Each structure stands twice: as structure tokens, then as C-alpha cells.
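Think of it as A, B, C and D in the order they're written, each chain with its own count starting at 1.
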Amino acid sequence: MTNNLRAFLGFHELSTVHFYKALLCEFLGTGILIVSTCGSIVSMDAGRVVSTFSTAMTSGMTVAYIVWTFNHVSGAHINPVVTFAFMITGIVSLTKTVGYILSQCIGAVTGAAIIWYMLPPSWRGNLGSTVFHEDVTLAQGFFIEVISTFIMVLGVFATSDRYRTDHSGSLPLTIGLIVFMESAWAGKLTGCSMNPARSLGPAVLSGSWDHHWVYWLAPALGSSCGSLLYQHVLAESPQEANTSI
Amino acid sequence: MTNNLRAFLGFHELSTVHFYKALLCEFLGTGILIVSTCGSIVSMDAGRVVSTFSTAMTSGMTVAYIVWTFNHVSGAHINPVVTFAFMITGIVSLTKTVGYILSQCIGAVTGAAIIWYMLPPSWRGNLGSTVFHEDVTLAQGFFIEVISTFIMVLGVFATSDRYRTDHSGSLPLTIGLIVFMESAWAGKLTGCSMNPARSLGPAVLSGSWDHHWVYWLAPALGSSCGSLLYQHVLAESPQEANTSI
Amino acid sequence: MTNNLRAFLGFHELSTVHFYKALLCEFLGTGILIVSTCGSIVSMDAGRVVSTFSTAMTSGMTVAYIVWTFNHVSGAHINPVVTFAFMITGIVSLTKTVGYILSQCIGAVTGAAIIWYMLPPSWRGNLGSTVFHEDVTLAQGFFIEVISTFIMVLGVFATSDRYRTDHSGSLPLTIGLIVFMESAWAGKLTGCSMNPARSLGPAVLSGSWDHHWVYWLAPALGSSCGSLLYQHVLAESPQEANTSI
Amino acid sequence: MTNNLRAFLGFHELSTVHFYKALLCEFLGTGILIVSTCGSIVSMDAGRVVSTFSTAMTSGMTVAYIVWTFNHVSGAHINPVVTFAFMITGIVSLTKTVGYILSQCIGAVTGAAIIWYMLPPSWRGNLGSTVFHEDVTLAQGFFIEVISTFIMVLGVFATSDRYRTDHSGSLPLTIGLIVFMESAWAGKLTGCSMNPARSLGPAVLSGSWDHHWVYWLAPALGSSCGSLLYQHVLAESPQEANTSI
């Protein structure tokens, strides 16, 4: 077995404490994402429909919090297609990918259960599940989730580009504001999930499974395109970074 | 008496000027917290019910201001359960804990008195006291305050983790945005206090004492869990920080 | 004449190019403050009453922009009582104080004239003048302007404290968010001016002079208290800063 | 041919890979600007009129995202008059100016086509085209676009001023918040375009060409004034920067 393949598989990570701490962080992070994002959709205006702007900003700041708090342990992916994008660009091993995605899904379902418990029964509705607006066709909805995830993942990879020296300010806050910005235009159309775990959690608890496959396939497609474009075309190359110093 | 016990008790701090400056800052900070947070709830829309989003953002930015302005003197806890969490993790002495909590409570009541004075009588209502929504049960409300304080304290300890080198951007603003994000989903349910002093101030002035004990016990429980989890499991260890350099 | 007195008077500054560039920046900054703050009050919802939250955030981000753009030349005071506070704490000379305040007032009136011109006549109203809510008494209004300016100036001096090493993030944005946070609770009560020039500009153009003296005297009192408290009690001392290194 | 003229023309840039990567980034950036800005205007409240505040913040955070993600390759101008301002101040060559403006216009039309496709037909309206409010005269609208672009370009040049050492925090976020702040007061009056490409994209797809020439001429005039004023009067000079160290 070559070293490259060994690194890609990453079985050796299973024997480190850090690996399990990282799984814990992905679990906690995705759980908190669901509690706060879905919680705000349902409860911010006491069970009535809340403005897209308000829930978009809450989602964004929740992501900022999670990156801020858990980044040093797990990288705070809290999204299966982000982990997948880091795998296909060679940054994260297969073992970590599988572990992270499982933790994210379990965390999301746990978060939805917490929201379900803590909300008054008459408020619960579909627990903030991502749904297509009734005017949106399947093709449009699929396309919207592809485009929005593509844009988000470009921003995530720009943030993770360690040869860039032009970034200033808060990386977690910037990623949060990207989530806000996208939810502001796509939230009413498809819920702007960009994240299969975020769609899975409330779906399990509320039984709202319409178009659920779209929320896995479209973000995976969008994140693949975004991550490959950034890594192979837009990433700052080490040489350029050196010459600019 | 061992050195450890002496450090824990911290009587020697009573003879420093800095200690009393810190008490002044906790007093000022908690007073301003009440003026701005409760003031915005009552007055932002001229005595009518104001949106949760607006008051959540105002609360958050008030906390950001307080951390920004008073952090260098007292650490800007402005919250008895944050001070308590720093005590049980060995960061703050018993003397300081008692002094801070007294200052915070006196500051909160003073802030509520200022709000009471400066509002037109017909606007005052319960002065922005934290109350359970009528649809929320005692168990749900208790649980919500535990969870929200747990999440907040994780973020506060992540911010205070001096071995982390991955933070970027404004620490005060980040803590403020955590408060915003939590108030956005829990504000309508329990007021999202996460802070006994914040509940105490307007309760004293308006006589709105329903479930008041919850606002002491639940945040204390949540902050204990959050601070111990972060310090003993998630904190960056000095060795790891060194090896990553 | 002693050197101290000579420095306080600052006549020598009159012969530097930088002095007149600074006056230009105070003129531009205060003009833009009025255009954006008053403009948003009148036009954000097309001549109807706009939410306090929206105008508060616009005011805050306008201040952030002005500090960002003009700080390196003039310090971006754009507020007579901020300049006054820097004078009584020995940071700014008398000559500069007089020049800045004149520039700020001329800039504010110019900004109001621009707003007046560019708004449809039926929208103009009082051009976003600061007024007391009809339920607010003179004593309450005076007190509110004192307290809000006191809080704001504490934050400004904390930002300017060059011995503090604990600040992180954007100084201009922080000052902007302080303005937002205060306007959120005091905006509906008195307009939350905290700035005589900001009250003067639209008053001149619209003739809305009610309680105008309050908007000079109360902010001056609040800023005096805030600046003296910060400089003489809360400021990081050079020694402490050194020992903490 | 002198070296100065050769540098101004910049034909040699046509033979670098970086030039075409930069064109790609301007294309992508302007496309995303239109998708998010126009998309939020049309879809944030499901086809009904959305608040100026919400769309202003979305526009601003979209700009922040684009600067964050594409700045290292192309500078993330995404605006013909910003590129023009960098040309007349000698920072960008003629070749780059022409290439960038073409990329921006093609990107904007592509973005509008994406929005057109992904929106339910009954929601599309004028696809978020910039239009004068019916109460605004031609002279007022022209003046508003001049003033708002002037203010924006001052801020952009302040951000790009490499001799300034007083900036702190996130440059991309600051530019985004400038766009927010301006859209908050000018959005209802003229759409607060400040960007011919942003006006061109939805105009091509929706056929909404009223006053279209204003959205080219007024921003060009405003950005010329702003950039020349900053570069020749307000810019930190290298000497001053040195002496202040």
C-alpha cells in the first residue's frame, strides 16, 4: 500500500484521541446549528412566519459561533458536503470523512429532537425543515441548491487558503455572513440548505421528506465544482505568495 | 494554609486598587447592559412589542460594547454565572467571585432604576423583565435556559482560550454575536436571560418575579457544564499549541 | 508663556497643511454623517416612518465608514462634544477644538442642504431632525442624552487607549456598533443625538428647533463625565501595560 | 514608446495567465453580485416588496463575500467605475481596464440570466433593476448616484491606501458595510446602483432601461471625484507614514 493511499484512507487516525474529540465537536456543532437555525425559524416570532432576513442572519451567526468555538479541534465543517469537498481536494482522509458525516447526521437529529422537546407543541410545525416554495419547480430548486452551495464553498476554500496573506478580520464571522447572504436570496425558494445534515435533522423528527434527495445531491454537486475550481484555478500558489513578500 | 487554597480564596486581592476598579467596571457594565437591553425592549418601538430580532441584536451589541470597554480592568463578566464558571475552573478567586456578583447585582438594579426613571410611565410595562412565554412549560423553560447558557459559555471559554492561535477578528464582537444568535431563537420562549443579574434588575423594579429562581439555577447549571467541558476536553493544550508551530 | 500653555493653545498648528486637511475631513465626515443618517430616516421607507432598528444600524455603519475613511487625517471626531472631550483631557489643542467644531457645524448644515435638495419635497418632513417623543419630559430627555453620550464617550476613549493591548477587530466598526446600540434604545425617546452638529444640520434647514439647547448641553455634560472617568480611572497605565508584557 | 506609456497601456499583461484568471474572477464576482443582490430584491419576501434595509444588508454582505473570495486574483472590482477610478489614478493599466469592464458586463448579464431562470415566472418583475422612485426627478437621481458613488469610492481608496497603518478589522467586511450604509439611504430613491454593471445585467434581461445612461455617467463622475480627491489630498504620504513610526 502506497503512502498516498495510506494517507487518503487515514486508518491511523482512529487510534488518536484527537479524532474522537473532533467527532464530538462535529456532533456538538451540527446539533447547535439545528437548535439555533431551526429554533429561530419556528420560535422567533412565536410560531408565526418569521422574516427571511431574520432567520438568514441567525443562521449565519450560528455558523460563525460554531467555527469560532470548534474550529481548532475539528475544523468545524458541520456539513457533509464541506467534508466531502475537503476529501476530494485531498485535505481530509476517507476515515475522517466517514466519521465526520456520521457525527454530523447524528448531531443534526439530536439537535432536532432538542428543538422538538423545547418548543410548545402548537409551534412545532415542520421544525424548520427545508422545503421548496410551492412556486419553485424541481429543476429550479435543484439548480438553486447547486449554485448556492457552489458560492458558499468557494468562500470556505478562500478562507482556508493558507497561502493568502490578504485576508483580514474574522474568518468565522466571514463564513457566517456568507451563509446569511445566501439565505437572504435563496431562503424563500428552497430554504437555502446547502447542507444535507441541516435538512436531515428536522426531516427525521417532523417527517417532512419532500425533495429530500435534492438536499444531498445538489449541495454535493455544487461543493464539488466550487472546491475543485478554487483549489485548481483560484488558489494562491506558494510561489506567488513568496514573490509578493 | 496551602498556596493553592490561598490563591483560591484570594483575600490578598482586597488590598489592591485594581480590585475596586474591577468592581466599578462590573457595576458599570451590568448597569449599561440593563439600560440598553431592557431599554430597547421597552422603547425601540415606542412602547409596543418590538421584534425579537431587533432586541436580540441590541443585546448582543451591548455585550460587545461592554467587553470592548471594560475587559482590560475586570474581564467584563457582567454575569454571575460567567464569574462562577471562571471560579470553578480555577481562573478567578472566591473573593473576586463574591465581589463581582455583588457588583453585578447592584449594577443591574441601578440600571433598571435608570430605565424606570427615563421611560414615560405608560411605556414601562415590566421593564423588559425576562418571562416565560405562556405556552412554555416550567421544564421546557428550565431546559432552554440551561442549553442557551451552555452554548454561550462554550463560546466565552473558546474566546478566553489563550493557547488558541486560530482566532481572528474581534473577540468582543464575537461574544456579542453569540448573545444575538441565542436570543434570536430563545428570546421569545424565556427571554433568553442566561444571566441572573440581567433577570434580577428589572424584576426588582417592576415586581415581575415569575420563575425567577429558574434564571439563577438553570444558567448556573448550563455554565458549569459548558465551562468544564471546554476546559477539560476542548481546550487547546499548551503542548499541541507548541507542536503546531 | 509656558510650553504647556503653548501646546494647549496650539496656534502653531495653524501654519501646517495637515491642519487644513483635518478641517476638510471633519467637514466631509460630518456632511456625510448627516446625508446618510438623516437621509435614511426620511427615505428608507419612502417617506413613511422607518423602524428605529434600521436607522440605528445605518447611523452606526455611517460612523464606522467615516472613522475608517478619515481617521488618519483628523481622527474623525465629527462631533463637537467628542472634540471637546479630547480637549479637556489634554489630547487636542484649543485651536484644533475651535477649528474642528466650526468645520463640523458647517459640514452638518451642508449635509442637510444636500439631503434637502435630493429628497422629493413631499418626503422632507423635518429632514430627520432629533426630536423628543411627545411622551418624554424635558428632564427625561436631558438625562437620556447625558447617559447615552456618557456611554458612547467611554467607548470612544476605550478605543483610543493606546496602552491597551487587548483590543482586537475593527476599531471603526466597534464605534459604529456602539452608535447603533445606543440609538436602538434611545432613538425613539430623543433621537439619540449625542452630537450637537448632528442636531444642528437638519434644524437649520427644517426650522425644527425644539429643545435644541438640550442637544448641546446634555452631550457636553455626558462626554465630560465619560472622558474624565475613562482617562483618570479606567485607562490602562503605561506601567501596567509594561508589566503585563 | 516611453516606459510610462507602456505601463499605462499594459499590453504585456495579455500574455500572462494571471490576466485571464483575473478576468474569470471579475466575471464570477459580478455574476454572483447580480444573483445575490437582485435575487434578494425579488425573492426575499416571495415576490412582494422587500424592505430596503434587508436588501441593503444583503447587497453589502455580497460585496464583502466577493472581495473576500476573489481579491487576491483580480482585486475584486466588480464595478466598471471602480476599475475606471483605478485607471485614472494610475493603478491599473488600460488593457486591464478594458478587460475588466467587459468581464464585469458579461458577468452581470449572465448573473441576471441565472436569476431569471431560477425565479418562478410570477416573481420576476424587473429582476431587481435599478429604477428611480416616481417622486425623484432626473436631476435629483443623477445627483444621488454621483454623491453615493463619490462616498463609496472614497471608502474603497481609503481601504486600498497601503501607507495607512491605522486600519484594523476586515477590509472586505468594511467595503460591504459601506455598500449597505449607502443603499440604506439611497436605495429607495434610485436603487443606489453606484455600478453600471449592476444596472446593466437585469436591464438586459427585463428590458427595464429607464434612465439607464444615468447609471453609467453619474457613477463615473462620482468615482472620478472621489478617487482623485483621495489620492491627491487625503492619501497617507509615505513620508508621514515613516515619521509616525
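Criterion: a residue touches a chain if its C-beta (ideal position, glycine included) is under 8 Å from a C-beta of that chain, and two chains touch if they have at least 3 such contacts.
These numbers come from a predicted model, not from an experiment.
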Superposition of chain C upon chain D: rotation angle, C-alpha, nearest 5 degrees: 90
Between A-C and B-C, the pair joined by more C-beta contacts: B-C
Chain at maximum distance from chain C, centres defined as averaged CA atoms: A
Separation of chain B from chain C, taking each centre as the mean of its C-alpha atoms, in whole Å: 29
Distance from chain C to chain A - Cα centre to Cα centre, in angstrom: 41
Residues of chain B whose C-beta touches two or more other chains: 51, 53, 169-170, 173
Residue numbers on chain C that touch chain D, as the complex places them: 21, 24-25, 28, 32, 35-36, 39-40, 43-47, 51, 53-54, 57-58, 61-62, 64-65, 68-73, 114, 117-120, 122-123, 167, 169-173, 176
Contacting residues of chain D [partner chain C, same complex]: 51-53, 133, 135-137, 140, 143-144, 147, 151, 154-155, 158-159, 161, 164, 166-170, 173-174, 177-178, 180-182, 184-189, 233-234, 236
Complex contacts: residues of chain A adjacent to chain C: 169-170
